[in-house]
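This is the structure I want to talk about, given as structure tokens.
Labels run A, B, C, D, E and F following the written order; every chain starts at residue 1.
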Amino acid sequence: MTLLMLATLLCGAGMIGAALVALLTRQTATAVLAAGLLSLFASVLFVLLAAPDVAMTEAAIGSGLTTFLFFYVLGRIRREDKK
Amino acid sequence: MSDRLAPAKLFATTFLFWILLNGSLAPDVAVVGLIVAAAITYFLPNGLSFLSGYKAKPLATLGYIAFFFKELIKANLSMAHLVLMPTIAVKPAFVKVRTKLTHPVGRLLLANSITLTPGTLSVEIEGEHIYVHWVVAETTDPEAATRKIVAGFEKYLEVIYG
Amino acid sequence: MIRNALIGLMLFILGSAFLTLTMGFEPATELNRTAAYYATHAQEEVGAQNVVTAVLITWRGLDTLGEVTVLFLTAAIVSLVLSRSKAPKGASGSGFLPSGELLTTGTKMLLPLIALLGAYVMANGHLTPGGGFQGGAILASGALLMLLADPSRRFGHKIIHRVESASGLAFVGLGLLGMLFAGGFLDNKLLPLGQFGALFSAGIIPIVSVLIGLKVGAEFASILESLEETEDA
Amino acid sequence: MQSLLGAIVLTAGAVFLALGGLGVWRMPDTWTRIQAGTKATTLGMILSMAGAAILMPGWTIKLVLIALFLMFTNPLSSQVLARAAHRAGVKPDPRTRFDALAADEEAKR
Amino acid sequence: MAELWLAGLLAALGIALSAARFAIGPRAVDRVVAFDALTIISVAGLVIIALATGRAIYLDVALVYALLSFLGVIVAARYLEGGE
Amino acid sequence: MAQVSLLIGFTLILLGLYGALTNRDILRMIVSFTIADAGVNVVLVSVGYMAHRTAPILDSAVPAGQAAARIIDPVPQVLVLTAIVIGLGVTALMLAYAYRLFRLRGSLDISQFMDLKW
């Protein structure tokens, strides 16, 4: 049992918890946020698995760009529903 | 804000951060840094940096930094006290405070400093008013709140950013 | 209900297959032959500290060209699907409310830093983690921040498309030059390898990294742009 | 001596990070949660970076840059979030005495 | 190594509490607050991992993370201010 | 450690597939797809992981001479690196199609689309 092992387990628990939140919640916005949280933990997990390049890609793409794409479409749909 | 030196300041800041990022002063690093800084200055003409609007007042700057860290530590101790108590004794309010600063960078730094100091969080800035969320509000009067929250930082920021 | 049962059965079969895979998985203790070749020859053959970038850009450069092409096709299809007709003014955009003063100022201060970090990640792809794809994603994040601070802003699509095509052409051109004057497509001995660990080293890897980064950043920015410019129903 | 000092500073930072988590968990409404989250995690981060810099003096520049970036972006995102929460009409804690922002926006309308 | 264990466990405590707040909500804005806290604690976690493995290159990941993770928060906040 | 992360990755794939198959909202299906995507990436990276070795970057901590004995397999990392970037492109494409579908039909509920139902 080393520190890195503990961190791996914690990241795994966080990822699976985030996936469960994304599947179980009723709000789509919460599901998108949970997917962003999952990619955050995934990026820490990639560092633990000694893949800093992959972690950097995930950090640059997962939390900002993907979340924006989803929220963009959600915002458009919300606006057209209001009409 | 019509600062003729603005591009030069942006260039200098960018180049400084490039050197810090690379952590070396080798000639090849410096050459690439000059190219990158020039490209950024060209493509982002309305970019701002810490230097834009900055008046070279080292004493006030040091005073601001020291005051900021003092307030940050005080803020955290009071927040720790609040959080660790068995019942959370909050008395929140949204109060309005007034600022005299006009330069955008100074206003941003003021709002950020308010966010990081004891029990206050800037919510909205509009003209000369900042709306602040206060966890343990002592007063709701704008003038008293201004003295309590803003005055300490504004004293320094007024000198630094005019 | 038969649908749910089918789904459950399928997931159960997949899950048991995955479980047997995991149970039977023996982590390797030695590198396989390809990886060992890459690890031992990274210094003298490519001169790059980062083995991942060396594989990505030099040894598997043609595959990377394929990836970039896939990305280009994706961006083209997104813009084809979304923009049947261009938006009249005021009816496009993300539907987000106008932003506050602090976010605008903060964006103006952060954009140069984000662009600088993107340039750093791209140019140091052979020394530290990073490279073209990461740098491109960071540049696209800068474009995204610009969009968030001012939803009514129009991108300069001329610049984006010019950067995109110019960097793509330069990438292919460098590869072909490598075929003519060095060992093969994208061979990095087109330029001298330089001193191991310096910024100007590893032949053409830094240049190709920057080109890939500009290309990827322009693709993502054009995806954002075509999302931004579709009109309302 | 140096490693002891670094360990103490690092642990103090981690304590503040945990306090930030505790604040986010215990506070009664959105704005108080933002306050606890921002302040405690910012100081915790700065102290952790300082501790790491004392433990590994060669990494100081990168750590200082990380701390600078976070010190700048963290209050900014908190402010945007607080503004968004107010505009979205989140109900503040019932103990909130006074809401100058809502009153002024009402007056403007 | 002991100090890294202590710091890591404390950071893990912070992550667990914020993640619990993320899970129960109750509103989307509260989840974004928890997300914000989580990103910053993870940056500290990355630095602790870098200390534990002794490799300076992991700091670059933390650097990218520190400058870009706030984008997710701002995106979510800009969406939510139009109503949930 | 490799086994643990392998298990995590497989669990994420299963959860994502479950969500993609059972949800009725197209956007929720796409969210589930991104979860499965992350799971596949974790599986691929953990296949390349080896205990007691370090990241494939040959700086002062790993002299180039003993690289073959100290670093982990770089090839899966290269694959995953491009897979993440392509994944973002695929997500954007799916969202564009979903938005177009919403504009045509005024709904995102998959059970309303009966045209090609089996």
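Operating definition for what follows: a contact is a pair of C-beta atoms (placed from the backbone, for glycine too) under 8 Å apart; a residue touches a chain by one contact, two chains touch by 3 or more.
All figures in this text were calculated on a predicted structure; none of them were measured in a lab.
Common neighbours of chain C and chain E under the contact rule above are A, D, F.
For the pair chain D and chain E, chains touching both partners: C.
Across the assembly, the mean Cα position most removed from that of chain A is the one of B. Note on interfaces A-F and C-D: more C-beta pairs are in contact across A-F. Centre to centre, using the average C-alpha position, chain B and chain F are separated by 39 Å. Here the CA centre of chain A is 30 Å from the CA centre of chain B.
Remark: chain C and chain F have CA centroids separated by 16 Å (rounded to whole angstrom).
Chain E and chain F have centres, each the mean of its CA atoms, that are 21 Å apart. Chain contacts: chain E has residues 4, 8, 15-16, 32, 53, 56-58, 60-61, 63-64, 67-68, 71, 74-75, 78-84 touching two or more partner chains. Multi-chain contact residues, meaning those touching two or more other chains, occur in chain C at positions 50, 52, 95-97, 99-100, 102-103, 106, 109-110, 113, 117, 121, 128-130, 133-134, 137-138, 141, 144, 148, 220, 227, 233. In chain B, the positions touching at least two other chains are 17, 21, 108, 111, 122, 124.
Interface note: chains touch in the pairs A-C, A-E, A-F, B-C, B-D, C-D, C-E, C-F, D-E, E-F. Note for the complex: chain B touches chain D at residues 17, 20-21, 23, 72-73, 75-76, 79-80, 82-84, 88, 90-96, 108, 111-112, 115-116, 119-124, 129, 131, 133, 135, 137, 140, 142. Chain D meets chain C in the complex at residues 69, 72-73, 76, 79-80, 83, 87. Contact residues on chain C toward chain E in their complex (touch as defined above): 95-97, 99, 103, 110, 113-114, 117, 121, 128-130, 134, 138, 141, 144-145, 148.
Against chain B, the residues of chain C that register as touching in their complex are 100-102, 104-106, 108-109, 111-113, 115-117, 119-120, 123-124, 198-200. By the touch rule above, chain E contacts chain C in their complex via residues 57, 60-61, 63-64, 67-68, 71, 74-75, 78-79, 81-82.
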